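As written, the chain order gives the labels A, B and C, with residue 1 at the start of each chain.
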Amino acid sequence: MKKKITWKSVLWILLLILIIIIVAFPLYWMFIGAFKTKNEFFTNPPVFSLKPLRTNAFQVALFGIGGKGLKDSLIIASFSTIISLFIGALAAHGIVHYHIGKKNLIFIFLVIQMMPPVSLAIPLFLMFNELKLLDTYVALIISNTVFNLPYAIWLLTGFYEEIPESILEAGKIDGASNLTIFTKLVLPLVKPGLMATGFFTFIFGWNEFILAFTFCRTKVKPLTVAIPTMVGSDTIVWEQVYATSIVAIVPVLILAIFMQKYLIRGLSFGAVKE
Amino acid sequence: MKKWLKGALLLLVVVSFVLISCEGNSNSGVSSDKATNTTAEQVSSEPASSTKSASDKIKITVVGDGGNNQVAWLWNQQEMEDEFGCEIEIVSVPFENLYTKLKTEFVGNTGAYDIIVYFPKFMGDFVENGYIIPIDDYIAKDDPNLADIVPAFQELYGKWGGKTYNLPYDGDVLALFYRNDIFTDPIEKQNFKAKYGYELHTPKTWDEYMDIAEFFTRKKGDTLMGKVLTEDFYGTATYGQQDFQYCWYMCIAGSMGADYFDEDMNPTINSPEAVKALELFKEQFKYCPPECTNFGFDELQAIFLEGNCAMEIQWTDPGRVGQNPEISNISGKIGTALVPGTKQADGTIKNTATLAAGRVMAISSTCKNPDIAYQIIRYMSQEASLAYVSSPQSGQDPFRFSHYENTGAFEMFERQSDAVDYLNGIKENLEHGYPELMIPGAQQYLDQLAVNINDYISSNTMTAQKALDNTAKQWNDITNTYGKDNMKTAYKNMLVQVRSVGL
Amino acid sequence: MLYKRNKERTLTQSQIDKRFGLSLVLPAIVIVIIIAVFPLCYALFLSFFKYELATSIPKKFVGLNNYIRVFSDARFWNALKVTAIIVAGGIILQLAIGLIVALLLNKEFHGKKIVTAFLLIPSVIAPVVVGFIFRMMFNDRYGPINYFLSLLHISPVSWLSKPIPSYFAVMLANAWEWFPFMMLMLLAGLQSISKDQMEAAELDGCNDLQKFFYVTLPNLWNIILTVVLIRAIEDFKMFDLIWVLTAGGPGVATETLNIYTYKQGFNFFSIGYALALAVVQTVLTFFIVKTMYTRIKKKN
């Protein structure tokens, strides 16, 4: 079959390239920013070249604040995700397949998700202070779970609803206990959904800023808090900001690449249903 | 079965938050009694050098805004730890959140910080709420050479209600920087005199400032100093970002006699002088680069160092940083002068150089070792200070007469005479320093002012009168929220200090 | 029928099921109550107090005063207007770009996987980081965007220091970050449109535009509503990006409800008032979202 070059396909290629450039340019800008010195940020015309490859900013980003930030972000995001997934998987199963308070619960979870984080930050701050939990991982894991858990349940119910009742019926007829139905039948089927949900909750925990900022001081300092710290009084150490930003992005990207398969399947599974 | 479950849960919720709110009550509002009692007790406390074992080491936590405003602490950390036998932990915070961070810790009574490095405009708030302790007794025992500190700075930013709370760390002040090559150029001088009828000199009044700014605003292709310009040139540049813009405005307004409030706590920020000042402030944008409305510290400095404007009012950095030929096109060509002022009825000129930001050090009332803490801040403010105010790596500005006299320490200047000129210039500005509002709630008052000024600058329909009237009204609302009598007393405190330096 | 006797307890299957189901959901409920419902109720409770932490005056019960103050606060109404513009405009932008790109990607071609993966990157970047990137990019004098405009002989735009351009700055940065999310969902939806419908339309002689409106769009409608709902909830809470980019400036041009509430709470420490604002915002968001939600249910 001959490949025709119509004006349509030319337009298609141009638009695609345009979009790729629009996405790539800010990333490129951030990337070269990590290698600049302060004064190269304030030149007219702007500096576009990549060289020279100075690494001082990266030293701070990786071994100084950034290294600790990586560790802290990882701890907070992972634990919050694990808790949300675990409890969420159970809860969604109960809601969908055992019809426990479906309407009301989903509704409450939706409302919690809609609260501006500020309104949560104030009372939580007072509570954590009482319990001497400020500046601890626990405080941040809890506060992230506040939003992640309802979100996870919401997403997961969508996935669970995909499972045809017939499969569950068949399981029951075969004499499987409730637990077995859950572990042997349901879980394998919603695995893509679990992966997708886990990915999103991890990202929310990783990228969360305002609550982390309010509760952290020195012992805990995730990346999102570390980066604005480089905003000095009158000046911003831009190259460190960008270097640390790159450090913040790379792990998520790697995770996304691995999860891509599940993501696409999981999302189309859940979303299309609506 | 479901019903009672619901009921039980509801009951649980209600009981629990009643419990929490009761606990919340006992913690809020640290009493000011605590603050006044500590000094008397602790002055005669245990000796400074301890024979404690390593695991028992006293830990002092210092908090301040990070980046190059904290490097001075890092440089001196080891030395102080050795000398005072303690462990020092340095915490950094993004500067735009400094107030929030400090306040949340104080309110929560977490006791997290022992020494705070902060902006003096928060002083009223921190003192009235008992977060920091007076240090007069410590000073009496161990004088940090107070006489050496420029009085304006220490009177305005070091004291509250007659007691001393702070030692200086950063003598921020706005100064006028100008291109001394342009101002002394014979062609320009001739043309200027022809056009305006007086000799070209650094502007002594705001009217002269506007004349000069107008004179030097030229397009690409015009000539400057006999040479053709390859890009547009501007008479001046000013601060555009909302966060500190009001400081630039107060330089003008203060000199015209405008004030924040009157003695009865009525806002006078919309007085005719204040309005006139605001209109002049906006008018100067005609002679500034078009992007000026977006200029923060970095951009404002960069435009001058690029060589694209004849003068500008800025923090003291361009005078120093601009001497480095690697980043500046005008090294050796920078002059420092007193900011313009306004002619008074008696013929003298009143200049008010806003003490924009500034940093001071205080001891928190939760500090368990205030005597050691005092030693640390004394050290930083005295012995360590010359090194960090003269270094290009640190963002701190001089505040002691001895700093200004030590011209040799400022190595970035090629010629000694340039250093002398610079130091005299900024000293003069500090001596005419004008404070930011310092009463409790300053953050809120100044934010409102900043918003309205910025609104006026960026709008085509707003008038200066309206912007300031809005500010006055909002300020009244704020005053009423905090309690007018409280505010009156607080402002009276501030007025005492302001009058004592002759403003 | 159930018989409960002391010695011999038999439960029906449905009761066993009920208990099992309950035990599944209970942990979630307990956790949510402790860490979410508690603080939120406390927040609601405090909103009835006048609680100014900048002074040492203890908190005082004032009933609905804070709420009355909210509705007579000009800055609140401005924040409402700003939020509406930024959220609505932002979502339209995200949807438009997401849809176009999804259509572009709805083809098989070499490197499709890589391109799709690449285009997803903005959505996984922290909003704080996106804010810092665009803050430099939108810099009036030294930023690349104005530089490129100058190459096209367009005079520099005051992206972050004039009211109207600042709306666009925020919306563009936000759209850049979130259109990939839209794109992904829409792509999934596009790929599930049955081939038969498409072929039928082709046979009927529809051109591309007609195919889009008569086949593609109706099938996508549900997904569009769902993603718009999800993004709307998230965008109402948008804070990090705006805070880093403009901090609500210039003046109050980009001060959304969230930013204003944060300022009241953490800059001015007017706790009671800030919480009243937060409650009002939640209620508003709730009603808007509920309307959209019921619309989706109806379409189904």
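One rule holds in what follows: a contact is a pair of C-beta atoms (placed from the backbone, for glycine too) under 8 Å apart; a residue touches a chain by one contact, two chains touch by 3 or more.
Since we're looking at a predicted model, the values are computed, not measured.
Listed by label, the chains that touch chain A and also chain B are C. Among all pairs of chains, A-C has the largest number of C-beta pairs in contact. For the pair chain A and chain B, the distance between C-alpha centroids works out to 39 Å. Chain B and chain C have Cα centroids lying 37 Å from one another. Chain centres here are Cα means. That of chain A falls 14 Å from that of chain C. Multi-chain contact residues of chain A (touching two or more other chains): 41-42, 44, 126-127, 214, 228. Residue numbers of chain B whose C-beta contacts span two or more other chains: 20, 96, 104, 299, 302. Looking at chain C, residues 29, 37-38, 42, 46, 141-142, 266 sit in touch with two or more other chains. Across the interface of their complex, chain B is touched by residues 29, 33, 37-38, 41-42, 45-46, 50-59, 139-142, 146, 155-156, 158-163, 247, 249-253, 263, 266-270 of chain C. On chain B, the positions that touch chain C within their shared complex are 9, 12-13, 16-17, 20-21, 25, 28-32, 96, 99-100, 103-104, 107, 125, 128-130, 240-243, 289-291, 293-295, 299, 302-303, 440-441, 443-444, 447, 451-452, 454-455, 457-459, 481-483, 486. Taken in their complex, chain B has these residues touching chain A: 20, 23-24, 27, 65-69, 89, 91-97, 104-105, 108-110, 112, 296-299, 302, 306, 315, 317, 326-327, 357, 395.
Chain C contributes residues 16-18, 20-25, 27-29, 31-32, 35-40, 42-43, 46, 97, 100-101, 104, 107, 113, 115, 117-122, 124-130, 132-134, 136-137, 141-144, 147, 176, 180, 184-185, 188-189, 191-192, 208, 222-223, 225-227, 233, 236-237, 239-240, 244, 257-258, 261-262, 265-266, 271, 274-275, 278-279, 281-282, 285-286, 289, 293, 296, 300 to its touches with chain A in the complex. Against chain C, the residues of chain A that register as touching in their complex are 8, 12, 15-16, 19-20, 22-27, 29-30, 33, 41-46, 48, 87-88, 90-91, 93-95, 97-101, 105, 108-124, 126-127, 142-143, 145-146, 149-150, 153, 178-179, 203, 206-207, 209-210, 214, 223-224, 227-228, 238, 241-242, 245, 248-249, 252-253, 256-257, 260, 263-264, 267-268, 271-272, 274.
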